[in-house]
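Some structures to go through are shown next.
Shared between the two complexes below is chain A, which has chain B as its partner in the first and chain C in the second.
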Partner chain A sequence: MEQLIEYSILPLMLFGITAIQALGLQLILGGAGLLSLGHAAFYAVGGYSAAAFTVYAAPALGITQPFVMMLLSLGVGAISAMLAGLLVAVPCLRLQGDYLAMATLGFAEILGTALKNIEAVGGTRGFTGIPKLSSLLWVFVVLALVWWMLHRFRRTGLGMAIQATRDDEIAARSLGINTYSSKLSAFVIGSAIAGLAGALYVHALQFISPDEADFSRSVIIVLAVVIGGMTSLFGSVLGALILVAVPEVLRFAPEAIREQRMIYFALIVIFVMLFSPKGLQSLIVRLLPKRKSSARAAAAGGKS
Partner chain B sequence: MFDLIQYIVDGLAVGSVYALIALGYSMVFGVLQLVNFAHGELFMVGAYFVMYAISLGLPWPMALALGMTFVGLFAVIMERLCYKPLRGAGKLAPLITAVGLSLLLQNLVQAILGPNPQSYPAQLPDSSVTNWLTAAVKGSGEVVLPQLPEGLFDWGDLVIRHRDLLIFLVAVGVTVGLELFLRKSRPGRGIRALALQPNAARLVGVPFDFTISLTFFIGAALAVVAGLLQGMADNQVTPFMGISSGLKAFAAAVLGGIGVIPGALVGGLVLGIAERLLVGYDLSTYKDGAAFFILILVLLLRPQGLLGKARMVKV
Partner chain C sequence: MSVPNGGSAAAPDILLRADNLTIRFGGLVAVQKFSLSVPAGQIVGLIGPNGAGKTTVFNLITGVYTPNEGKVYLGRDELTGCGAHVISRAGVARTFQNIRLFAGLNVLENVTAALSWQRRGTSLTSLFAMPKTVQFEHGLHERALEVLKFVGLSDYADWEATSLPYGLQRKLEIARALMTQSKVLLLDEPAAGMNPTEKDELAGLVREIVARFGLGVLLIEHDMKFVMNLCSQITVLDHGEVICVGTPAEVQRDPKVIEAYLGADVEAGGEDNSQGERV
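== the complex of A and B ==
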């Protein structure tokens, strides 16, 4: 039993971190309708700078308390990822078309190349010797906070401006919404959330390599958001769960099935886009809609 | 000084392959404003197809023609099944579908043919199907491998390999041919009309679905030519060649001006030369980032590309 718990901590932690990444991308993809194919790069930026902070800057500043260090490194991760997001998005969002997707992808490739050439953060071998500061508790507290904040964010003026921009850019502009800045803020907030995930990751696994900025990692996050259902926050968390759990479950399946999980994910994504754009969460929501909506109707009736 | 010229000449061959792939990205983007992410995988599938066809004993021109037809039709079917239902559903949906398709093709090829690089002549899996195919194709004659010419033009400091020259000439020839086709032929003019103004093109009787299918077919067929050239030049084919070369080719298309046919050639060549220069001057670890650095620089400074004209988007 104890072994089972010990064994499941790492997958659980990875699930939490993937879920945070997916929530960040959900705001960009589902919220603003922009495709980022380099979300993992912002995660890597956050991870690397958080790690550089605890390894190099924190001792120099005389910060030793683990809690404070972790908290500050979360801030460093989020802010650095946010600045990186700003750097990529400012030129691209001024352009019409799908250039953002390609530019984010390009940024990821450049970042990977650059990280491989910086010896201070380990070069191709990866950044090692990072203190273990985060834990399952940290991951899930941050996940819950991010989820709750994004949930509240949707009802703020900016949150609604972002959704209006996604639905109809021209109409939104005619209502006096600055569509450029609403897209930009969605992208930058989403990148900052990825940075948080990066900071949690490096202090849990005590290691990060340039591969974390890889295109394939970004694709995994896109898969999670789309498969779960890109219009809902719950969908992103569900998608992250599916993407982390399926390989774990398939560990016990025959190799022929296990090795081909990317094929299933790709098929599901195409299927979701063609037939059910709300993703898998809509299946679950459909199973339990009656009670919720009737309760809401009753509440509304009571108020009036 | 001669180093520099030598690197530029060497870069032209690499760039030519990028250019051939970039043409497909450029054409599809011109007509549908869609980045067909799966295009690089068509290049990869084409390279495998031609390699296997040749290893079965087909003469290479026939293998190439078969590959162009097969992969072209495959692209048409892909468009009909996966992109056509999403027309009018915004830009995001087809783009995500394209990413899904790219992932699917890459992993399918990997699952069926193995993740390791294959080289000429490919090892055919020993099964009744392949035995039957081999028998049907050639009886039991010799497999004649396509050979790129091995000779050199040697001017002391400057050396040009015949094969590099050949690859470059193929790319230029294909680009000129394509441009002529688009300007002079009726279906070609249909493609240009659709790229210019879809609704007006429909009104004057351009067959919409047919023209889009044709665009996908031509793009895929050119990717197969690139696949054959790349496969022969490197003497290897891998499931991952599509994603790496494909993304760089897209960068090349944007660099030259996406939607502009000669732009694809210019973009591909510039990119190939840039990569070769980095390798030549001992910066090869930066090579794979170069394409995207150029991409972002172009987006910042001249988003319409080197040969493109800025177009106002009316609301």
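== the complex of A and C ==
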């Protein structure tokens, strides 16, 4: 039993971290309707910066208290990822179309290559010797905070402006909404959240490699958001759960089956797109007792 | 920049003024030397055959396009070349011919989105739900409910915007535009696709908007009865040029207007003939 608990801690942490990443991307993809193919790069920026902070900066500043170190490294991770997000988004968002997707893809490639060549952060071998400051509690407290914040955020002025911009840019502008700054805010906040996830990751695994910025990692997060349901925060967390759980379950399967996880993900995506285009969360919502929608149907009936 | 207002004396309450607007798309001159003014508290009509350039005029005024020549003024401020959102904030609101509601938002949210940019503070205060943000949201919410009540949509507040019947979607666009607290309202074919009862109701609503808020309204509409009943002044556009300006009665009598409408289907040769006959 004890072993089982110990064994399940790491997958649970990975789930929490992936869920935070997915929530950040949900704001960009589902909230603002922007496609980022380099979300993992902002996560890596956050992770590397947070690790560099605890390994190099914190001892130099005389900070030794683990709680304070972790808290500050979360701040460093979020701010560095935010700045990286600004750097990529400022030139691209002025253009129409899918330039952002291409630019984020390019940024991830450049970052990966750069990290492999910086010896101070381990180069190709990866950054090792990071103190273990993160824990299951940290991960889930941050996850809960991010979730709550984003839930609140949708109802705020900026949250509404972002969604209006996603639905119809011309109409949004005609109502005084600055669509450029709406999109930019969504992208930058989403990147900062990825940076938080990165900071949690490096202090949990005590290691990060340039592979974390890789395109395939970004695709996994996009999949989590799409499978769960782009319009829902709950969906993104659900998608993250599936993407972390599937490989874990497959660990017990024969090797021939185990090695094909991308195929399973692809099958899940096709299944979701066919049977529940609004994601798995809408499937669950449909199965649950319909309190809200039946009330609305009654209201509609009364009106006609 | 001050407005050269010397010519049009005794019109201090002119809100919106378009002055010699011209726009070319490649070789095509879509709108040429278009001038018009909308006084406060009045409904001005903009009519013309299909493809005359009416919606292009709206797009020029609201900053969707920047005119190649000419200027747009709101009161004494020049708006030419400002971004669409700047022009909206200055006080020019509009609706769209092809309805453009926010599909992902419900009816109430569609309306609140209109003033969302007025948020206090920064993104960070939004994220942490600071008291000021909450207070601001609350105010927005209250105002949006009032506007919905005014146009008669309060019962639909939590509906998905795009699930509303067509006529109500048009009303929702008007509600959204009213929410901006603008000085001028531009309505692009607000009665399109409505039945006679709905049109009457809409005419009443537009009159009430003018009476209650003192707005200037500029209206594009194909339903002549609707336009003639509602507008005090009408500008007729054909092939991108103003062919007539006047009261509804004057416009109805103008031979050029009659030709533009009735001669629209006649070939070039026939058009010349008919003009010859008339002249």
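Note that the second predicted complex is superposed on the first by the 280 of 304 C-alpha atoms of A that agree within 3 Å, B and C clash if a C-alpha of one lies under 4 Å from a C-alpha of the other, contacts with A are read in each partner's own complex, and residues count from 1 in each chain.
The rule is simple: contacts are C-beta pairs under 8 Å (C-beta built on N, C-alpha and C of every residue); 3 or more make two chains touch, one makes a residue touch a chain.
Only a predicted model underlies this, so the values are computations on that prediction, with no experimental measurement involved.
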Open item on the list: Following the superposition defined at the top, how do chain B and chain C come out on chain A, clash or fit?
Closed with: fit
Task: Which superposed partner A:Ile189 touches (first chain B, second chain C, both, neither) - done: second
Open item on the list: A:Met262 in the overlay: touching chain B, chain C, both, or neither? Say first, second, both or neither.
Closed with: first
TODO: Using the superposition on chain A described above, determine whether A:Leu158 touches chain B (first), chain C (second), both, or neither.
DONE: second
Task: Contact breadth on chain A, by residue count: chain C or chain B - done: B
- [ ] Specify the angle subtended at the CA centre of chain A by the CA centres of chain B and chain C, expressed in degrees to the nearest 10.
- [x] 80
- [ ] Examine A:Gly106 and indicate which partner it touches, taking first as chain B and second as chain C; both and neither are also allowed.
- [x] first
Open item on the list: Is A:Ile170 touching anything from chain B or chain C once the two structures are fitted on A? First, second, both or neither.
Closed with: both
Open item on the list: Contacts for A:Pro254 in the overlay, against chain B (first) and chain C (second): which applies, first, second, both or neither?
Closed with: neither
TODO: Go through the superposed model and pick first if A:Gly129 touches only chain B, second if only chain C, both, or neither.
DONE: neither
Task: Which of chain B and chain C A:Gly62 touches, first, second, both or neither - done: neither
Task: Minimum C-alpha spacing, chains overlaid - chain B and chain C, in Å - done: 6
TODO: List the residues of chain A that touch chain B in one complex and chain C in the other.
DONE: 170
TODO: Would you mind writing out the residues of chain B in touch with chain A in their complex?
DONE: 33-35, 82, 85-86, 89-93, 95-97, 99-101, 103-104, 107-108, 111, 243, 247, 250-251, 254, 285-286, 288-289, 291-293, 295-296, 299-300, 303, 313, 315
Open item on the list: Looking at the complex, which residues from chain A come into contact with chain C?
Closed with: 149, 152-153, 155-161, 163-164, 166-168, 170-179, 185, 189, 231, 296, 299-300, 303
Task: chain C residues touching chain A - in the complex, by the definition given at the top - done: 62-64, 83-85, 88-89, 93-94, 96, 100-105, 109-110, 112-119, 123, 126-129, 133, 136-137, 140, 155, 158-159, 176-177, 179-180
Open item on the list: Please output the residues of chain A touching chain B within their complex, sorted ascending.
Closed with: 29, 33-35, 37, 88, 91-92, 95-99, 101-103, 105-107, 109-110, 112-114, 116-117, 170, 215, 219, 222, 226, 259-260, 262-263, 265-267, 269-270, 273-274, 277
